[in-house]
Amino acid sequence: MSSKLKNRWWGWGFRSAVMLYFIILIVLPILGIYGQSLSDGWKAFMDNIREPLAWKSVQLTVWMALIATAVNIAIGTMAGWVLIRYRFPGRSLLNSMVDLPFALPTAVAGLMILLLLGPQSPIGRWAEHFGFSILFHRPAIIIAMVFVTFPFVIRAIQPLLEELDPAEEEAAYTMGASRFKTFFRVIFPNMLPGIASGAMLAFSRALAEFGAVVLVAGNIPGRTLIASVYIFGEIESDNAAGAAAVSVILLTLSFLILWFVNHLQSRRRTA
Amino acid sequence: MHVEVRGLNKRFGEFHAVKNVGFSIAKGQLIGLLGPSGGGKTSILRMLAGLETPDEGDILFHGKRVNDLPPQERGIGFVFQNYALFKHMTVEGNIAFGLEVKKWPKPRIRERVAELVELTGLSGFEKRYPHQLSGGQRQRVAFARALAPEPQLLLLDEPFAAIDAKIRQELRSWLREMIDRLGITSIFVTHDQDEAIEVADEIMIINQGNLEQKGTPWDIYKNPQTPFVASFIGESTIVEDISSLRGFEDARAWPGTRGLIRPEYVEIGKPSEFQILSATETGRVKHLQFRGSEWLVELEVGSTRLVTYRSLEKEVLHPGDEIQVLVHRAYLFNDNDSWIMENKLKEDRTYVEI
Amino acid sequence: MRRLWIGLTFLVFALLLGAPVVRIAMGAWNDGWSGFAGGLTRPEAVHALAMTGLIVVAVTVINTVFGVMLAMYLVRAAWLGPRLKKLLNSIVDLPFAVSPVIGGLMIVLLLGPDSAIGGLLGAAGIKIVYALPGMILATLFVTFPLVIREVMPVLQEIGTQQEEAAAMLGAYGWTTFRRVTWPQIRWSVVYGIVLTVARSLGEFGAVLVVSGNILFKTQTATTLVYQDVENFSLTSANAVALVLAAGSVALLLLMEWAKSRQKHA
């Protein structure tokens, strides 16, 4: 076979293999779960969702994720700012540590929080003293979510801060703006797209979190049972349809957010 | 005929980039593809290379149809506009690449690389990486790399577009010399007229996908076959009513005829500077621009604006000065026809220096 | 003012990231060295760590090879229309939006013993769900985008001209890839691999669902930690967790190193 023809056959072989892999691994399962959740009909689907525990778990998850995201916006913006704008000993160490939640298994993260905040630990005892409990209650959920989504906002605003043209700030100063004003009118607007996309990614991730939360939340239905744990419970109880129904809600919400983030980013690129 | 193209057509979606182009090139010729950006020149070059496939038409090398031959087999050296050097390889590595692919024995590769390094004046830079070289040096590596596998045809896509103006001149003459020495058939694309005129044996003017004219620079210059060609080469002025100019009254016979006048064919000066004063008419200097080697003069004759050059040797003119103007010839064209008309009032063929 | 922000930042890092890691180390040593060693060398732990290792290797190899190829196709392929490319591009990111538990559920629904395909395979003696293949599949799903997302931007940046130049010089597909493309995407692939290893090492939710967490059969290091916590054997949990954490920190350092090589390539 000529070199060209041989290359052609290899080319076709690779192409089909890769595209097949793609479709079977990603597209099929997602279609599958949407299909399964509706397999008993629309009414069954709605019933599954309206199950009070199911619905409550979704509500709780969204609420907790929102709070966690808000926390991350605050500390993430600060940390991102400090890491890019200031020079100080330990800066590169801290910068590398930012990615730790990406590298650490979520179950390990859960265990860490369990040990740190449990009723036996100093912090746990200190909190009990003041009358509120952390572990196995909602604060623990938020802390777990904050931990796993910590890098998102930081990593989203850092490139924007790096690209910031010092000339813009200098122009503001020469026109008499105070540092405070300059920050809010010149710098902050440039960081905003990063904060927004980082926050949305963090929110999406927090919605999906399982490993860290399941160990520390107590998983009390209606109180500290988040959606992913509810789904897990339904699977263990052989209620695949119920699990699939709630999964579909969570999935659709996450896909919408993902699509929105992509859309924003492509608009920024063409702008 | 070394390279022959017949009925070449290429569309990108709705856009018809190359319209029915045909030409032939003899072995050893240096051809320039000249024209405005987006005109289709690069598409033609890439189709010759095999990097794009024509929608219709035939490409023949030495009489053999090569449309179905992949770029790897065509034996063509290609020099890209932005050099496209392999950033992670040294100069030597870049040049040797094509030979290694062809599985030449190592000693022969070493010899050939050394030869080319010497030829392109890159001795001492063999172990450098592209990011350690200047623009001119990178371009020379690109040449060397393209020439290494002893190609039959050399294609260059705007080779000097990314280079500083000062070095461009040097590189241009160097390229001309190199190609002459090697005797390799070459086609290069450019939008710079001076470059095409200086370097090429023959020029092909491409505009909006059409081959407007093929010929020697002098031919194209003196006998432009279409209005586009005429206006493209040189800095001409279009005159709406050519018959208003002294000596071209005959143009009234063809209503709607416009004229294209090259700066080189407009002679201006004080009355004392003219031999055939009777053929001149009075005009006024509007604007002067110093061009380093001459003056660019904008003038007005009646309601017609013209442009011409004036030597630094002659008496300096000022805006507002009254001068005599002689238009030697004009290129006339209307919807049906185009031709060159001499100034009727000149009694003898005036020898004009360009 | 500066000092305030820097100080606060240090505080946040210490509390959020530093303290937990330190605590795990302390916890593993609660019963001294014997406690730690015991936690690691018990048979379930050895088996679980081996499972994790197997999954990590399989997933990393498969997703690196397919990931690089898919990245090439999505950026360069002429045989994919631009609209199809855009669609596929957005699908690539989907696993990021899927909760791991849901990921596991999808595989169980599609290939579990009650499903059409699963039933067929089961009759032939091939178990996918509640066995290693299912666990590998689930982990392949969640780590799918990692290598692709690292390689695609670099491919777009280098552009096609160098590859065209190589073609003009006589090089066909594999030669061009090996000598021109690969050297330039190398470090991005490495970074993607490190991310994939880290993620598959730490995968919990999906594997928990797909594996059934069967002791000695389908347990991984992370699901073992979960089980230990549920059984209140905290020291043992800590021991395994510490090994995982140490692995993660090592991977983190690798990540940062690969990132810096990527930038300076």
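Which chain is which? They are A, B and C, in the order written, and residues in each are numbered from 1.
In the analysis below, a contact is a pair of C-beta atoms (placed from the backbone, for glycine too) under 8 Å apart; a residue touches a chain by one contact, two chains touch by 3 or more.
Predicted, not measured: the structure shown is a model, and the values here were computed from it.
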Chain pair with the greatest number of C-beta contact pairs: A-C
Remotest chain, subunit C as reference, centres from CA atoms: B
Averaged-CA centre spacing for the pair subunit C and subunit B, given as whole angstrom: 56
Centre distance in Å when subunit A and subunit C are each reduced to the mean of their C-alpha atoms: 16
Of all residues in subunit C, the ones touching two or more other chains: 172
Multi-chain contact residues (two or more partners), subunit B: 70, 72-73
Where subunit A touches two or more other chains at once, by residue number: 4
Parts of subunit A lying in touch with subunit C, wherever the complex brings them together: 3-4, 7, 10-11, 14-15, 18-19, 21-22, 25-30, 32-33, 36, 75, 78-79, 81-83, 86, 88, 90, 94, 96-97, 99-116, 121, 146-147, 150, 204-205, 207-211, 214-215, 227-229, 231-232, 235, 240, 243-244, 247, 250-251, 254-255, 257-259, 262
Contact footprint of subunit B on subunit C as seen in their complex: 161-162, 164-172, 175, 179-180, 183-184
Parts of subunit C lying in touch with subunit A, wherever the complex brings them together: 2, 5-6, 8-10, 12-13, 16-21, 23-24, 27, 66, 69-70, 73, 77, 79, 88, 90-110, 114, 137, 140-141, 144, 172-174, 195, 198-199, 201-205, 208-209, 221-223, 225-226, 229, 234, 237-238, 241, 244-245, 248-249, 251-253, 255-256
Contacting residues of subunit B [partner subunit C, same complex]: 49, 51, 70-73, 76-78, 80, 82, 84-88, 97-98, 101-102, 145-146, 149
